[in-house]
């Protein structure tokens, strides 16, 4: 059983603001991904969720820590080893349109694979393979072959990219916000496709900021905050019985069709200069603002969290359900 | 009625012909009402929003009119609209938060904006702005910052703040929550509600594809499809009792927290919206509608089938009359 | 969700058998752009003149006729102080100027692109080194260098001048290519190519370069034009090719022999006007081409 193991991966970036210094984008993140399992990696912007995806895809080198696939360290791969790795591990990204080179046909993404992986296949066999992959993602070959990317809808573009991954013998798929730029009616189709692929044995790392999507599709959930794991465990436990304050805050902020937002304990706020009367239906709760970490910035507009390099310690709340200490 | 849109049509000129992005849309907004304008990409909602302020020179209002407080808005004439923008009608365009000039501090951006609209008493307005900044959980320091020093959510809120500084009668917010994290989405949504409650803005048209956000902040929701208005009703009616098959399908495709795929499978809507270059005759949703029948070859008008609930669908009209 | 209504409908699937939208768009706008048509048309006329001129000209550059005579039926543009036919010189000079321009444009383009791509793709130490090289080349005064090198050569040919100009003007191409490569290499389709096991050279050549094609095309046209001007300046100062005639050399001869003082307008004006026409046509075509490539410039 092939598995992907992320062990204490950290990534430091050079900050671009005046404060300078190194920003920790990832802080000793560890988790495992097994065959046929879908893990939702949920985090807001700046949590490091995209970075961990790129580290797994070897598009970014971790500053420390290891990622092992089938027991082998992926950072040690030679060029050939990397090629074999990509046979099993692939990625699909957020903006389907920018994954295509706009000057070529959309199906060139298939041809890119052919020279490297299927050089010896005959034309007929290659076309059969493409048809099978397109069929698996519910795309009609005559609808999408020979077209330019801008002639396809977002849903078609995204599914074509998944079909590309299926051409190889992919075992792990890193899906980085693949739904967020699609329309509501096509989102569901892509989501259901992921569920189908999972049932066929594919392991998926489903990176998203949308909790309802994560809930629909995944077996386990990781809540990422400021580059470290805040909570990790089976999806029903995380959503049904969240322990970390951050998780609870996220869940309370999700807009749902049939439930109004519950208000925080702050309640309505009177403005200085008001005569004390606050009108309206009391929905004037002031939400604390998340400010980008800027330790040396002049006159910060809210208390600035300085992000330490050590992540908070994880404690086991119940079997399989780990919660981090508050920072 | 505060805002009335009557039979508005807006077209783009392309070298292949005219594309009518908004086709005969009519609705009205009461004072203090937040109306959500929802639909998927290409349905014309952004075009409608931009047309109300005559922002984009590529599009042209080809028919219909817009009335604000009983006066007609000169939406075909950009120059005539200029004095009305920001004072009567204000727009927060899509991706506005990325459009703040990075080389000027926020205070300068605000004063430039006020200057260009002929506001003399800028200090008084700035003081008012500082008061309102406290409302959104920030301090006055933010005026001395550059836009790139603020997070996406903060920039979005500052943008909305700037747009409502002169207390416009109508605010058009185009996808203001789309690119934000869940917690900042809530903050922005609640900001819109708060501003409406305090009277900083009279009526709001919130354009978005996200029905769940509208369920939280909107008083009524209007659904657009392929350039036409297909349903408009108070929010509880849309959420619990949608009558148009498209709205029903849209709601059925929304995943909810707590519901997993093995508990309830969601379904999408097969097919794609029709091309607006040569739109089909009759109901535009016909090809994808599971309830289509013969009468649908004729375009259904927007009818009030229940008090306050308008639908453009033959099936819904039929059922209501029974 | 990021597409506007206009983009969505401009991209409706083409009818079966139709050519891809891209080609049609380019031709459609290209054929309607007045600047492009004018510039291109004028340039083609001049190139035609350069090609067939020497063939239709009844005289050679070295034949002698009556000294300093104004245009006549025999000498269409008259003769210079030495009795040489000016029209013959003009068409030969035209050809030489074009050759220099083309040669230097190609040299500069190749050098600039190669160094720009390498610096932009690799970054790091290699980038720093190439930046240093670029700065050095920019700082060296080309004119002085030309004088020094030229003094060691027995004869200076058109080939030499072309290569020299090419090797001294590549920096700005390199810088622009480097900047564009930097921005393109973080695009997602480059990531996708990496995920397909593609190597760096393949990615640069097949993914990144074609996306800069319009820019590179425009850059080469500008190089062409500016090289011709530069070459004429060098020729005018006497540093031009020593074995043939060019537009710059004609202007130099006219000045040295006080043509204007002697009212020999037929010697003074034609070379300058033709050179101006050559370069101006290119620049106008360039502006037009920019409008065709960049839809945002089209809206008036």
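Note that the chains are named A, B and C in the order they appear, and that numbering of residues resets to 1 at the start of each chain.
Keep in mind that, in the parts below, a contact is a pair of C-beta atoms (placed from the backbone, for glycine too) under 8 Å apart; a residue touches a chain by one contact, two chains touch by 3 or more.
Because the structure is a prediction, the values reported are computed rather than measured.
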| remark: Note, CA centroid farthest from chain B's centroid sits on chain C
| task | Have a look at A-C versus A-B and report the one with more C-beta pairs in contact. | result | A-B
| query | Between chain B and chain C, what is the separation of their C-alpha centroids in Å? | reply | 50
| Distance-wise, how many Å sit between the C-alpha centres of chain A and chain B, to the nearest whole number? | 29
| task | Starting from the mean Cα coordinates of chain A and chain C, work out the distance between those two points in Å. | result | 48
| Which chain C residues sit where two or more other chains touch them? | 1-3, 12
| request: Could you list which residues of chain B touch at least two other chains? | output: 40-41, 209
| task | Could you list which residues of chain A touch at least two other chains? | result | 154, 183
| query | Taking the complex as given, what residues does chain A use to touch chain B? | reply | 17, 44-46, 153-154, 183-189, 191-192, 195, 209-213, 215-217, 235-236, 239-240, 249-251, 253-258, 260-261, 269, 271-273, 279-281, 283-292, 294, 297, 299-302
| What part of chain A is in contact with chain C in the complex they form? | 57, 59, 79, 82-83, 86, 90-91, 93, 95, 97-105, 109, 112-113, 116-117, 147-148, 150-151, 154, 161, 181-183
| field | Residues of chain C that touch chain A when the two form their complex | value | 1-3, 7, 11-14, 20-22, 187-189, 191-199, 207, 210-211, 213
| Residue numbers on chain B that touch chain A, as the complex places them | 40-41, 131-132, 134-139, 141-142, 144-145, 149-154, 181-187, 189-190, 193-194, 196-199, 209-213, 215-216, 239-240, 249-251, 253-261, 265-269, 272
